[in-house]
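There are two complexes below, and they share chain A, which is joined by chain B in the first and by chain C in the second.
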Partner chain A sequence: MIAARKICVLGDFAVGKTSLIRRYVQGSFAEDYQATIGVAITRHRTEIATSQGPQALDQILWDIEGSLHGRDLALRYLEGAAGALIVGDLTRADPVAAMAAHAAIVAQELPGRPMVFALNKADLVEPAARPDGQTLLASHGGLLRCCSAKTGEAVPELFAALGARILEIGI
Partner chain B sequence: MAANLSNLPPEAQLRRLLLRDELVRLDQLQERVGDDAALKASVVPIIADVLQDAGVRDYQRLAGALAPLIVAGMKAEIRNSRDMMVDALYPITGRLVAAAVRNAFTDLVQQLNEKLEASLSAQRWQAWLKARLTGRSEAEILLGAGAAFEVIDLLLIDRHSGLLLARARPGDPAQDDLDGQLLSGILAAIMLFVRDAMKGAREQELRTLEVGDVCLHLQVSPSTILAVKTKGPQPARFASALAALFTDFLAGWGGRLQAHEQLGAADRMALGDDLAGRLQALLLAQKRNFKRPSRLGTVLLALLLAGLLGWIGWSGYQRWQTSRVEAAAAAVIGAQPALQGYPIEVRYDSAEQRLAVSGLAPDRRTIEALERELATALPDVSRALALAALPESGAAGLADRLTSLAADLERQRAEAERQLSALQASQADLLRANQAQSARLDELRQNLDRERSARAAALADGLAGQQSALQAGLADMGQAASARVAALRQSLDALQATLAGLDARLPEDALLAELRFERWLRANPIRFGSGASLAEPAAAQRTLAALMIRLAQAPAASRLLIIGYADDTGDAGLNQTVSIERAAAVAARLRALGAEPARLVIAGRGREGAISDVRGAASPNRRVEFALLPGR
Partner chain C sequence: MAEPASRCSGPVGARDLPAGALDRLIATGRFGLIQLDRDLCVQARHGAWLGWLAPGAQAIQALPMLLGYEPALRAIAAGQRPSLLLPRLAWPGGPLGERVIALEVLPAGDGAGLLLWLQDASELAALEQQVVQQRNELSLAEAALVAARAAAEAAHAAKSAFLANLSHDLKSPLQVILGNAALLADEGALAAAERPQFLQDIAASGQFLLAMISDLLEVAALESGRLELSEEPVDLALVLERSLALARGLPGAAERQLACRLPSVRPWLLADPIRLQRILANLLSNAIKFTTPGGLIDVAQQAEAAGPLVVTVSDDGCGIDPARQVRLFEPFQTPAAGGGSGLGLHAARGLAELHQGSLTIRSEPGVGTVACLTLPAERRTEPPP
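Right, the complex of A and B next:
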């Protein structure tokens, strides 16, 4: 039987959470923006390369509406998650700070669950202007990549890294 | 130390002298962390302080590092300490029990309502009547009449993560492409949303989701959701059956489901098989309409069989007893020589256990002897003897009586033959009289026919003569009337001509003449029959001639408006056309009589201005009227 794990995708409003999932699952991108109401759930089955070898995994992706700050209901959606993808927007003033706030909530609600960090909309920002985000990694570990839901840059890598970490630590 | 130094090479002595303190520290460090054992001995006293200090300095990182180990340990502890966990979870299970009791009461109320509604509904009475007529049970008829209830899908879901733990479906699972994992996640999210958005207590959970006749029934525990997808109207006891299924399932799997990530492949297979088995049990319960199997039928059948066997045994015993008693009685009677040749009947009534013997016996003594013999042979049977004994000197008297009866019979037979002969003679007389009457009737009928024919011929001759005379008279009267009408018309024309001449000669002003002309025009319309054909051509021609005279005397600038009309027979558009054609026909006739075309104006007004309710060719509405238009 193929293992299935719940993965939450978090971040501020309109940073591209849904677009990243669409790019990862469907390989497509839409320019129009439609806000997610509540939560949208998507299942994606893939083979993950782990330190113990390849392993099939059903990733149940919970695309949670907007920001978690001050929203008890959104926090409920984190229950039972095996890991989280924190998404930031490179075009905003301080994307890393917003991601750090979400990561702190995840660390408090889901201690020990792995996180990866996606700095989205890399196609709109010059490489030199991209933050390194090392403070996030120093605090929470995991993987941080500048990515683009539009071009697909680094998107599969982030989900695969999160899936591998979840399987390796057996959560 | 000095002795030791002297034994060393000079380079080593120099190194010792220069690095003595460092080498001492290295030796101390070697003792403390030089190998695994030394390192372990050194860390043990301080590791607690180290973790404490690390927690103080950076709690998040320490928690993140230790959480996987702690979570795994807690899960293992939960599995290994189920009894303790039961105690700890008692408050939660108490709420579950409360919810289950509440569900049971809800079901009970629902059942009572359904029974009350069913007992009063027309459908209930129809089913009752149909059941009596067809011999089927009401339940079977009602079940067949309603839409079938189906259990379509069972999903066992981890409540926190929304992950699908097991799934069972009747039939071929490959036929359903609904993504179980996706559905499970969405259901978990919906329940989270409902619980938090509605601010309900934990035991006030979302229980059903309905779309059309498809319903999703949700059974929930703190960690697990059982979603059952059904179609059709829900039977009254389904909810309680589902709750019982879920409770039993949790009793077997609850602890392991809380740590479902640790379930191996074999456990997951067993979980799926268990759920499939419970689905089959649910389907079987559905066939019984979720009632417990009843033994009433078996008991009734056993009682019926026992009764049948008892009846058969009792009947056999009674038949055997009857034949035994009657055979014994017959043997006693056959053993009596005095009764040989006498009619005697033996009958045993098994219900009253009484032997009845009836018939004739030669004398009273023989009867008494027979009664004694029967009492000896059948002491346990009551007896009723109804035997008649012949009188002692009855033989001679009986012969005389028989002779007398034969003589009486012979006399009566002779008298009957005599009466029969008289009746036959009377019948022959009646037949002859009847034939004579029939002949007389035929003769009268023929005379009557001849008389009727003669009178009819005479009457026809008389009628023909009278008819000829009448026709001749009518012809004479017609000719006289025609001549009279012609004379009257000539007089009328002469009068009109005279009037016209007089009018022409009268000295009056133009206005008066114009008014008179208009009055004359209104009084003299032209009648039409079908289409534009005149109803009375001769009269119309006379009217038009008179009109021409008056028109010539009217002011030269005036014009004559010729207005055609029609009745309301047929299409309105056609009537409009016909009315114009009639006006045009009159205008043509006037032009033929010398009227200036410029003074004639025609108009058609269809069925307007009706002056009569008569319809058809004789309708006065089919006409042309005139009006005088003043000069321009």
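Right, the complex of A and C next:
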């Protein structure tokens, strides 16, 4: 039977969580912003390269409303997740600090669960202006990439890296 | 055929409903009820929009929103946890369609399993969506306003600093010119051997003033939109060679190695040769300024016979601090060392963009800097007959 894992996608509102999922699952992008209410669930079957070889995985992606940050409701939605993708917006002031707040909640509510960090909207920010996010990696490990839901840059890699980490540590 | 919902023990709140009320609730089409046995398999489902859910199916597989909640579900079934409420769930592309549901998981009672009480919350969610959307958009607009105000204040501060420095930058070379001229006019003031150096200093100060005033005029023309290119077929290699020859006359150039690599086939392009030379002069002048004596400055043109025309000016100088790189092309950004008007790169990028091209800079402190001028392939042309 194909393994299925719940993966939460977290971040402040309008950082592009829904767009990243749409890019990953459907390969498309829409310019207009539609706030997510509660949670939108997407099932995506993919093959993940692990150290044991390729492995099929059903990723159940939980796109969690950004405005719920830190509230009890958001914590309830996190329950049972195998890992989290934390999304930040490169065009905002100090996106790494915003991501760190989400990462701290995940670390507390889901100890031992892997995280990867997506600095989205890389298409709008010159490489020299992008933060390196080393503080996040130092605190939580994982992987951090600048990415773009608009161009697709680094999007599959982030989801694949999270999937591989989940499978390799056997969550 | 499943039993009527009212034969189930029903959700906690519904147990006290009058007989048949639960069925009538479900018949409204806004509610659904799923009964799970102790093994979390679907026993029965009630509700018009749950027909796709096969009795006997494993709930965790059929309803992906339950994945990860197995311990919670078993705890509820065993009476160790009262319930679980997930108030807004959407499964776009799934069998619930675009519906947003509220899902409550409750014990069926007597360890018999679980009840999943589903309510169609689409209408309420749509209203919430409007409110949240407006609130978020307002927050984004407010943040953009704050950032724009900060940027405007920073630009104003940079402009003020620039104007404050301008008088000093203009005065210093003028003082050299006037002072040296006075000394040269006084026949007894200088030994004959000293006079060439004083003349050279006058020339260097004049060049500095000329460059600064040219930058100012260029930026003023660019920003007012008055600058128009005077285009003609141009031998790009010739422009590079001329720029390099002029750069060799700049102060400090003699102590640096200036190399030039050109392709064997010289491309021609439609461009404004004077403006093109100004871009390259600016890049070369910067490379000389920020390279220590003995350093290497390399001008290269990519050899591709088709596609965009790319010229790079590389140096092995001190490089640029990452914090400064972000604002490199903004006007009035005077470098920490090396001097200059703080307008040169701003003007150079503007001129590159007037040619529908681009100017980018990659730099690593302590390693060096590469400036890359790219002009579109459409500008390639044949040499004049």
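The definition used in the following text is that the second predicted complex is superposed on the first by the 167 of 171 C-alpha atoms of A that agree within 3 Å, B and C clash if a C-alpha of one lies under 4 Å from a C-alpha of the other, contacts with A are read in each partner's own complex, and residues count from 1 in each chain.
Heads up, the rule we're going with is that a residue touches a chain if its C-beta (ideal position, glycine included) is under 8 Å from a C-beta of that chain, and two chains touch if they have at least 3 such contacts.
It should be emphasised that the depicted structure is a prediction, and the values quoted were computed from it without experimental measurement.
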item	value
Clash or fit (per the criteria above) of chain B with chain C on chain A	clash
Which superposed partner A:G80 touches (first chain B, second chain C, both, neither)	both
Chain B versus chain C as contact partner of A:K6, first or second or both or neither	both
Contacts of A:G112 with chain B and chain C, given as first, second, both or neither	first
Touching partner for A:A93 - first (chain B), second (chain C), both, neither	second
Touched partner set for A:A104, first chain B, second chain C, both or neither	first
Partner chain(s) touched by A:G53 [first = chain B, second = chain C, both, neither]	neither
First, second, both or neither for A:H140, with chain B first and chain C second	first
First, second, both or neither for A:V39, with chain B first and chain C second	both
Clash-bearing segment of chain B relative to chain C, given 130-138, 220-228, 310-318 or 454-462	220-228
Interface residues of chain A shared between complexes with chain B and chain C	4-6, 38-39, 41-43, 60, 73, 76-77, 79-82
Residue ranges of chain A in contact with chain C within the complex	4-6, 13-14, 33-35, 37-43, 60, 65-67, 73, 76-77, 79-82, 92-93, 126, 128-129
Chain A-touching residues of chain C, taken from the complex the two chains share	61, 64-65, 67-72, 84-94, 100, 125, 128-129, 132-133, 135-137, 139-140, 143, 147, 322, 325-326, 328
Chain A-facing residues of chain B, complex	60-61, 63-64, 66-68, 70-72, 158-164, 179, 181-182, 185-186, 188-189, 192-193, 196-197, 261, 265, 268-269
Complex interface listing, chain A residues touching chain B	1, 4-6, 38-39, 41-43, 58, 60, 62, 72-73, 76-77, 79-82, 104, 107, 111-113, 139-141, 169-171
